[in-house]
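Both complexes below contain chain A, partnered by chain B and then by chain C.
The block that comes next holds the complex of A and B.
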């Protein structure tokens, strides 16, 4: 093996990338070290010993476990809703030639750029209104002593259902785009052949469409999960009771309590919280370009 | 039952879109329209106006134009968008994309490192950056610059706007890099070879070939990234909540604070309507650039 000399351009490239790498990874060093440090503080220091206590505490302490559970339930349900609703809608958008197709597609692009913060006030009022309706319904069918717990599940303000629907609506435009683009690539011939062979609607969906569109549905699901899992504004606005709190807000609030912050515990929690997002991001890596360009080209 | 196959399919398509339309309608379109209505009222979160909002015409908008907080927020937002997405993320993302387009060792490592800040949730990003920046002489940044003889300080109080620009740059390099990489890969290798044959220097190649050929990608990036940066909320809220003294109060945080901290829903909605208008304008250009295919 001969040692070849670096050209100047190569040296510049390596130098630049090394600095960028350092910039990108530097903030993570503290959270990783603090999560195993028995005496973790807000500041970077080499741990004197190593402990797994903080991670254990996430799953034994009531708060951490509950936040994880709440996040998994709402984000999981959101992903399911978006994949199903987006799957149906994306298929219809791909197959139709009606006059409303192109206005609809334009509208989706416009909806995607609306900042959620600009919608939050009317959204809050709408949710209060819907919550009132739902409350009336719940009180009329459920005995009074369990009405409160019923509202925690199907309420619109401070309830799972409302948060799931809001998160779904926010993630839906992107999912529609991706799935529509995917169905555009799958030829109509398969469906028509199945139709000729006498397959009914359910069989066509189950045997032909879903398998064909699986990569598109998967990509939409992953990106929905990432978006909803990291969302901060919606749980901040719509969840107030402690037992329904999600990970991002739980972490944020715990971090705000100036005097009694357990940095080791919060670091472990933060690492565990970011893990699913990072894994999903890694899996969705090759679809990312679509999210940024609106799903038009791969 | 005289429906033809086509009619049946047309109805089927419409029905399949109903759930999506209900979700988008209830949680995005109706709120967007309601924002316009609320912005003409004195709706509030508490007090008499909460139960009896009055129509006040353009009062909120008039107040907007003489409100220092609003103008301050616009200026902060402008610096924030310009500094982080148009300069920081773009320059570092383009440079990374160019560096990684060469045959380089450890490419996946560099790639993963650049992608990681983009993958973590906003709260985690805020959390770890507080350790970097907060706490005077013990913060990581103070200790690093201390090596060069710069005095330690509480960075989120001495240069808050610059710091949120740095943090958002950190978070978004990946986004620019991915887009620029796809733009670069569309440039045929022969173009570069031909230029090199003719004796072009690397800087000539960059300014005369790479940059002009990337122009459509760059334009698309600027649009998407500007819209995305205007929408940022959690990242800055967890870091500074808009403070100190409004120094980092980007428009999303201003709306939130006006509505839920100052309880003035009507006024907050007027700001929201302005932001919606700007976003729709960006979106319209964006849709045009993408040339929506039917």
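The block that comes next holds the complex of A and C.
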């Protein structure tokens, strides 16, 4: 009797899990099928043929290639900034005994806790002001005909730099916490041994600390990449030029086109949008596991 | 090779003074051990010699030259850490050769020197392994290799054997002594284990609460401890300390124990002392079992019998006191038996109420 009851409970559990799994997987299945379906529609259906036209279209029409490039540049630079600043800051926060350490750590996590939408207006005002200053500087050093393209790189509003800084500021608190915690688990003995061996500050960082902290830096970098890659509000707010548009905004605009939604194109774009995050996760998964399960193994 | 002088060194961490004016010397090529209980400041002192902690007051000199403000790597000092601190991302060869690599020594020369050190430490087979693939003893040897490849004037050891099991510790003690005899560096070695200190040291500096309690040759420390702290810290098992008074009523002064037995203190110049309360110190090997005759100074009941094979230790209870007595290994005694003890006057140590030896 007991055995039968158990089996029934088990069957129910597996049945429930299967339904949940299907529910979770359906959007992905739809995206994959629709992206190769010549007649993709809003409804899930098996494609009657297979085509690569949608992917070709992404890279040839509608700036898809440009969006992809813009996303990679801004999110890549954001990740680099966060890993470098978070690495140095996390190390400093781990090693200092200053009285402000704990208040500071909790204060920065507040940035993460507050909904970004609530801060967007003052942030935009501030960035606009900074953009004005930057514009004045740029105009004074760059010839007038190339001022616009210079501002697209180093402007604070509608420029790469501004978006990179905003995305970095949003991702930095979590990275600082992860890296600080990782350095907490890294004994000071390694640095002292290197000091006794005659390593200067740069050599200690480059030869000892960075290799030791690689899993922590990798985990922080991965979470930053995924977080910034998926961000929608900041590129929407801070980028207005069509040529600076990022992939999530392009995807959104493609979906917004009333009555003429090209589902095949849309899902090819969505698939491409997912790809870097999945690849980044695949590459850095080892670091993530090492960071959250152990730390340094001597 | 170098002489180290520690001159009236103090160290404060905030308002807390952890080293309170310490002075001693380590002669050229000497193996000197800093020993003391946890928190006595021995590791802090070692780190100050290394240059990893700054000196609050006083001077540290190597060969007469003040090194307080000299950066660690310019002091000609190498250090073996308690945790070994082997770089986990480097192989054994890279770990040992790291200091030479930093000095931009040609790769071929590094390989050759690493090879020599590895041979000396029996690590030749392990050069391509990472530290995580080594046993405790092998890691210990790599840490020593990393220190000696620099050909330092001084090698500092911070409790290097504390992470090893008992048998490996005995083996490594012998190996360290062999290395010292072969290479003859000046060594300062920190441990809380007095057996390590006694077996390896040329001189022992006993530290207690940030002060030097005594600084001498191991046997001198064992035979002539200047305080009850040193008397009980050095020697295993520890010295017996018996509370009592000195009685001057007889022709020869007598030690009268609080538990009602007495023993004459012949041959000691106690004329100038008029002490009420004293401690009589006597080591377990200076107490003998005797028959119930005039030779016996006291009798007591055996509480515990500790058999170590070659010797046996008896815990003999007399009133509120327990005396530790060393006897031969095969003695047929059981707890509850009554024994008679004779104390050897040559092994007596007298300490005053301030726990200092007297006559001084």
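In the analysis below, the second predicted complex is superposed on the first by the 269 of 298 C-alpha atoms of A that agree within 3 Å, B and C clash if a C-alpha of one lies under 4 Å from a C-alpha of the other, contacts with A are read in each partner's own complex, and residues count from 1 in each chain.
By definition in this document, contacts are C-beta pairs under 8 Å (C-beta built on N, C-alpha and C of every residue); 3 or more make two chains touch, one makes a residue touch a chain.
Note that the structure is predicted; figures quoted are calculated from it, not measured.
Visitor: So, does A:189 touch the first partner chain B, the second partner chain C, both, or neither?
Guide: Only chain C; A:189 stays clear of chain B.
Visitor: Comparing chain C with chain B, which touches more residues belonging to chain A?
Guide: B
Visitor: Taking the superposition on A as described, I'd like to know which of chain B and chain C A:168 touches: first, second, both or neither.
Guide: In the superposition, A:168 touches chain B alone.
Visitor: If we overlay the two complexes on their shared chain A, which of chain B and chain C does A:151 touch? Say first, second, both or neither.
Guide: A:151: touches no partner chain.
Visitor: Tell me the contact category for A:44 with respect to chain B and chain C: first, second, both or neither.
Guide: first
Visitor: Touching chain B in one complex and chain C in the other: list those residues of chain A.
Guide: 296
Visitor: Taking the touch rule as given, give the residues of chain B at its contact with chain A in the complex, in rising order.
Guide: On the chain B side, the touching residues are 9-10, 12-14, 16-17, 19-21, 23-24, 26-35, 38, 43, 92, 95-96, 98-100, 102, 104, 109-110, 113-132, 134-135, 138-140, 143, 170, 173, 175, 178-179, 182, 202, 220-221, 224, 227, 230-231, 233-234, 237-238, 251-253, 255-256, 259-260, 265, 268-269, 272-273, 275-276, 279-280, 282-284, 286-287, 290, 292-294.
Visitor: Of all residues in chain A, which touch chain C in the complex?
Guide: Interface residues on the chain A side: 187, 189-190, 192-199, 203, 207-208, 211-212, 296-298.
Visitor: Quick check: in the complex, which residue numbers of chain A touch chain B?
Guide: Contact set of chain A toward chain B: 9-10, 12-14, 16-17, 20-21, 23-28, 30-31, 34, 42-44, 84-86, 88-89, 91-93, 95-98, 101-102, 104-106, 109-126, 165-166, 168-170, 172-173, 176, 226, 229-233, 236-237, 247-248, 251-252, 255, 266, 270, 273-274, 277-278, 281-282, 285, 288-289, 292-294, 296.
Visitor: Contact residues on chain C for chain A in the complex?
Guide: Interface residues on chain C, with respect to chain A: 50, 52, 72-73, 77-79, 81-89, 98-99, 102-103, 131-132, 139, 146, 150.
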